[in-house]
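Naming follows writing order (A, B, C and D), and every chain is counted from residue 1.
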Amino acid sequence: MKFTPPAVALPFAAAFALAAYAPPAAAQEPIKIGVIGEQSAIAGASLTKAAEMAADDINAHGGVNGRKIQVITYDDHSSATDAVRAFQRAVNQDKVVAVIGSYISEVALAIEPWSARLHMPFITPGAASNDISKHVHDDYDHFKYTFHGWLNSAFIAQSICDYSKDILVGPFGMKTAVVMSEDAAWTTPLDARYLECLPTAGLKVLDHIRFNPDTTDFTPIYNQIEAKHPDVIITGISHVGVQPTVQWHDQQVPIPLAGQSSQATTSTFWKDTNGATEGVITATAASPGVALTDSTVPFTDAYTKRYGDSPAYCGYSSYDMVHIIAEAIQRAGGSTDPDKLVTALEQTDHVGTVGREQFYGRNDQFTHGLKYGPGLVTGVAIQWQNGKQMTVWPADKANGKVTFPSFVKLPKQASAQ
Amino acid sequence: MLTLQILIDGFAISSLYGLAAVGFTLIFGVSGVLNLSHGGIMVVAALVGWATAAEYGFGSYLGAAVGVLAGLGLALVTYFVVVRQIQNSRAIPKEETEIFVLTGTLLWGIMIQEGMAYLFSDNPITMRPLIAGVVNIFGVRTPANEILIAVLCWVVIGLLWLLVNRTGAGKALLAASMNPRGLSLLGFELSRIYLLVWVIYGVLAGVAGVLLATFLGVSSANAGQLTASAFSIVVLGGLGSVSGSLVAAYLVGYLETVTAYLIAPTLRPIPALVLLVLAVYVRPQGLLGRR
Amino acid sequence: MSGPVRLRIRGLAKRFGGLVAVKDIGFDLAAGEILGLIGPNGSGKSTVMKLIMGVERPDSGTIEFAGKDIAGWPAHRIARAGLNMVFQHSRPLHRQTVLEHVKLALLPDSLVRLAAAPHIEERARTIAARVGLADVADRHPSTLPFAALRRLEVAKAIARDPQVMLIDEPFAGLTLAEIGDFSDLIRGFRDEGRAVLLVDHSVKSVAALADRTLAMYLGEKVAEGSTDEVMQNETVRRVYLGGKIEAAERSHVPAETPALLEVEDLSVLYGKAQALDRVGCVVREGEFISIVGLNGAGKTTLFNAISGLVPYSGAVRFEGHDINGRTVGAIARGGVVQCPESRELFTHMSVRENLDLGGQHLPPAARATHLEWLFDLFPILRQRQSQHARTLSGGEQQMLAIARSMMMQPKLLILDEPTLGLAPVILEQLSKAMDRLRSTSITVLLGEQNVTFALPHADRVYVLDHGRITWEGAPGRFAREMGTGYL
Amino acid sequence: MTFEDKSPRSARAMARLLHSRLLWICAVAVIAALTLPLWVSAYLLGVLTAAYYFGIFAMSWDLLFGFAGEVNFGPTFLIGIGAYAAAILNSRYGLSIPLCVLAGAATAIVGGVLLAVPALRLRGPYFGLVTLVAVLLLLNAVVIFAGVTGGEIGMTVPDVLSIDATTNYWIALAALIISAAILFGLSRSTLGLILQASGQDPVGTQALGFNITKHKVAAFCTSAAFSGTAGALLVFYMGTASVDTVVDIAIGVQVIIAAVLGGRRTILGAVLGAVFLILATELLRPLGQLNTFVVAAVALAVILFFPEGLLGYAMHAGERK
């Protein structure tokens, strides 16, 4: 009976193929770092591109103790399943020493247990959920391999409250706000913090709206908000962005949009919204042409030169995280042993593109989270003004003044200053 | 005030639902095909339109036109590459053609979606409104574009109605949906009729896609969702019944809007889904469907 | 020889929407007898069976079996009670062997029994042997000839070992030899003391088997009694033959006129069933040809082959060109227009729209005049113009179907069973219409089982029987040579 | 392909050969699967582990479609219910994994009954739609009751089967082989026969005295039980229960494609399809975002040119003409 149906043969043939290339252990083999992000999403792409740039920079300066850094990227289609598989592949197949991954809390939270189980240092450069560092805090010995390389929701909210106070309450005399957030992992703590820090910043919260991330028609939401007559809408959106912004503009909702709008931090956002984003304010890591530190501008320019657009917020942090890992390995005397690496990472004190980066300790509330505060990392506030992202906060870094499109009604015009 | 708000706001979206669903139901009525790549086709029309308008700066109108053409082209490809292949295949038993067409178009839809994500990323895009500005209707601030959309939808549906009820080709199409055998005995070539219906479908899907892009914005990730909503509306209205789909479209559209306004935006889709299940139970042939 | 009454049926009725399918049917069926249930298509005989078997729910009436009224029970309960039905269309399972089919029939209706009891295997084989399927027991149905599939149905019935057997159209599509075998099998059941209800339109074969016969027409009982009585019954004869056969000899078409349509060695296979066997016939320009034969004889198949609806071997030449392989549409536009038995109207369109679609290939002017002519031919249609086709009565629908085909101004009009299930009154009107058609130049090919309707108009007659042309000649000779033997 | 000319003996022989061929394929597959851990990387084992659970999903789907003749667009309804039930019990009430898996299966069975009810009333696209809607409703429910289900984030379960890839692989393989044995056995048993009959010709089957309602409900429950179990196991393998791992329409689509790809009504083919699908997706990962595109294209090609499916093709490859 002659019989070799290709169909049956294939998967096992494939198995051979895969088994075939087990990496040869050479003395000077490069240090591999896995980077997981969705290529179809601007933030995800920016995350991996920035990491590759970091690796190149480090290698250009002789690498780590003479060993080159090699970045291996994986596309997770922003799906937890794919991300976990990619993570396993990075650890078991590609033998990386650390993984930088994802800007989506859902995904990061799915990877976290695996970093614990497989003892693999994992840093998320963009996810915001407080739970990431909470897990580490609650069960340190198990979860200590996870680090949170970007401000968590609580701090993002804090930074937004801070800038609202300085640029909205002060000059425009705004007194009331409505919080509008997508229903997602990262916004739960964000909203919690909003509700406590907005009032102290001088904005009374009239209403708090959470909507389904696959909402496409925002008209009802805006109408609901308008009925409350707030001075400003404080947003917490990342999965959505283009649609609420465009509809805000097309329907000429007379209330300013401020807060966190992750998609608005990308340089293509103007084109994506056909300029509807004019006047939108959002918090972000850093902004083009503004030197948060000495490395900000060089990085931004190099990135823009190499990829044509400027990095998304998680681009900055992912660039820094590669450096931080490299330094940690150096500190650990070249060892890539997970536990040594973790200890080394905990001692991180790195001046990166977004500020001075340190991780909270085992006993702080947000263990392994990025420290927030003046002199450390505060993030910046940018506003879209005719096609450009102008930095409007903090004052010492600002290169523009807050102005709003004509259809926006303001309590009072900016007090002359 | 709120009522008026709901009426106006729900109208545009419902009209859009209707337009998108009509083509879908037409194909089923005439050739018994449920095209699960429907959403993908709409998305392509939207993205191509946007790219032409914004990326290559040819302006909204040319963009829209190109978008519709793209939708039409893809619809025809779908027909010839996937549907026809399956229908003519000797190896596929006739009683199973249905499931094969479903699976086939499903896969095709995935391919389209992934391809679009690759070319245009899965960020939502929005085309610049065909006309800007807002109109104030009794204190309800309504984007002029929204009104234009509602009008365009009805113009297109109107044209379709004329085509079907006033032209020979249209009559033949209608007849084919009732009794293809009888039609072929009267000297009509069914293959031509099917081609015609796919052309009509392509145009409708294209227009719907482009209008959606100027209204709510579209991302390659929406494809599945768009198919699902068209599918539900069509079944609710009665498979193959054009008027049924229109009624259903408004039912669903307004139900969603009312929920969003009066209950909570988060619960928006749920009542429609429940209604659908109930309807299918109580009246499996749909609102205006015939058995 | 018949024993105790097994089945007592009274006042059985069923309507589908507007159409009354069965109206106040009642009869007794005793053990060890064969009751024949005859009637033309659409007379409701199959429905009666379905009602008894519980496949359809009766609207009213009682079906008493073993002292219980089983009317309205679910089919599986009725089956378990001891009734069984042999369906007209055997729909075998594609992926099971013959043996498995028989086994299935032997299985208990249980969720916990996973393996068939050992004795079932050989039970199945014995039964297969009894119906003569022993040596194909392990084959799949797709590889079996049509007759074998029918045997398989019978085998399943035997396996159920029922007290009452309902057998629907067992002879359709079988050759005479096979009909013989089947008759023996069925007699076998009677001799085992089972009660057998036998439905068939082929009166001949029923007559040979049945102890008693019941004739139905348009859902009602028209005659009951010994088979001979029923055969002599006036209504029955009228229903089948339209009463006495009279025909006017008149062949105004000279033999040398060119043939419009030539059919040569045309054979059609439905799966394994030989529906047509090397059929040949000729239609000359201007002739009115009738092809008579009972349903199942193959008339519809022949017409569908000519219209290109079914694939066939052999040649069909129209105006000298072989049209085998042309599309249905092309053939119709070419001038060969069929008005099918099933009418195929556009039910949700108005009468006028239906007609317009027929005339779509004509120039508007011609269409209008032609429409007028047809309205004269069928005046009723003029009044009904704006009504939906589905709201018409059966007769009106038939007229519409004919008119619609006529709108195509056919060179050859094929009429398939126009009288099917129509009341005698309507037949008169149709008959007149046929006469007027005859007076026009148009060539007509008429397929009929109703001889009285078919003969008077015909120039020549073909008799089709079990897929073969068995007789050809002038209508005059038909009475003499076929008249008696026909039924 | 017709055996008209052949004598019944050769036909019987052919049948036996067919059978043996199937056995042969299974033997090869099982042996390969058993030896894999010896020489395949832990990572690939991880992939196959997931693939095997998908195999179970696909088999359960095939039982419904191929045998009961019900087109279920929402396999993830059954899977998701089982998965979430297990996950919730584990993370909220700390029940042990085996208990949770059992509970998951039980809950899934309830879901199966829920699904069976419309199936008895509705046909074709209508039933398909109901199953689709069932999934959408489940999706929304998960999001709305975020308090219990963890909503969009999903929930991290405290316990996992094992962190060792090989152990996980063995568990999955065991689950797969057991399910395959049972489901395949069932499909070849008298029940399978009755089920096929009621799928292909309901009227005739009832007239033979079979209560097809009973059998269809049974089929739904069986399918649900296995979907639920596998769903629960998958959760304890992944360590998380989230919408896009066990409920999302995309997952259901994958299951259906796997089953059709492998060969309808073969039960075992479904496994082949699942392994092929997931392995292919993984192997093509280097293609980055395009891998899904290519996989879909391949699947479409198979459906167009080998509608029999992979296993179907493998079994009949010899006989064609």
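Everything that follows uses one rule, which is that a contact is a pair of C-beta atoms (placed from the backbone, for glycine too) under 8 Å apart; a residue touches a chain by one contact, two chains touch by 3 or more.
Computed from a predicted structure; not experimentally measured.
Q: Give the chains in contact with both chain C and chain D, ordered by label.
A: B
Q: Counting one step for each move to a touching chain, how far apart are chain A and chain C?
A: Contact-graph shortest path, chain A to chain C, evaluates to 2.
Q: Quick one: point me to the chain whose Cα centre is farthest from that of chain C.
A: Farthest by centroid: A.
Q: Pick the pair with more C-beta contacts: A-B or A-D?
A: Pair with the higher count of C-beta contacts: A-D.
Q: Just how far, in Å, is the C-alpha centre of chain D from the one of chain A?
A: 37
Q: If you average the CA atoms of chain B and of chain C, how far apart do the two points sit, in angstrom?
A: 43
Q: Report, in whole Å, the distance between the mean C-alpha point of chain B and the mean C-alpha point of chain D.
A: One centre to the other, that is 32 Å.
Q: If you look at chain B, which of its residues touch at least two other chains?
A: 117-118, 266
Q: Would you please write down the residue numbers of chain C that are in contact with two or more other chains?
A: In chain C, 94 touch at least two other chains.
Q: Please output the residue numbers of chain D that touch at least 2 other chains, ranges allowed.
A: Expected reply: 143, 289, 292, 306.
Q: Between which chains does touch occur?
A: A-B, A-D, B-C, B-D, C-D
Q: Which bits of chain C are touching chain B when the two form their complex?
A: 94, 307, 309, 327-330, 332-333, 337-338, 340, 343-349, 353, 356-358, 360-361, 404-405, 408
Q: Using the touch rule from the top, collect the residues of chain B that touch chain A in their complex.
A: Those in contact with chain A are residues 5, 9, 13, 54-55, 117-118, 121-129, 132, 134, 141-143, 145, 216-217, 220, 222, 225, 257, 260-261, 265-266, 268.
Q: For chain A, which residues are in contact with chain D within the complex?
A: For this pair, the touching residues of chain A are 1-3, 5, 7-8, 10-12, 14-15, 17-19, 22, 38-40, 74-75, 77, 79-81, 84-86, 88-89, 91-93, 105-106, 109-110, 112-114, 117-118, 129, 131, 135, 183-185, 212-213.
Q: Given the complex with chain A, which residues does chain D contribute to the contact?
A: Contact set of chain D toward chain A: 17, 21, 24-25, 28-29, 32, 36, 39-44, 46-47, 50, 143, 146, 151-154, 156, 160, 163, 165, 238-240, 242, 244-245, 272, 275-276, 279-280, 282-283, 285, 288-289, 291-292, 306, 310-311, 313-314, 317-318.
Q: Inside the complex, what are the residues of chain B that reach chain C?
A: 93, 168, 171-172, 174-175, 178-179, 181-191, 290
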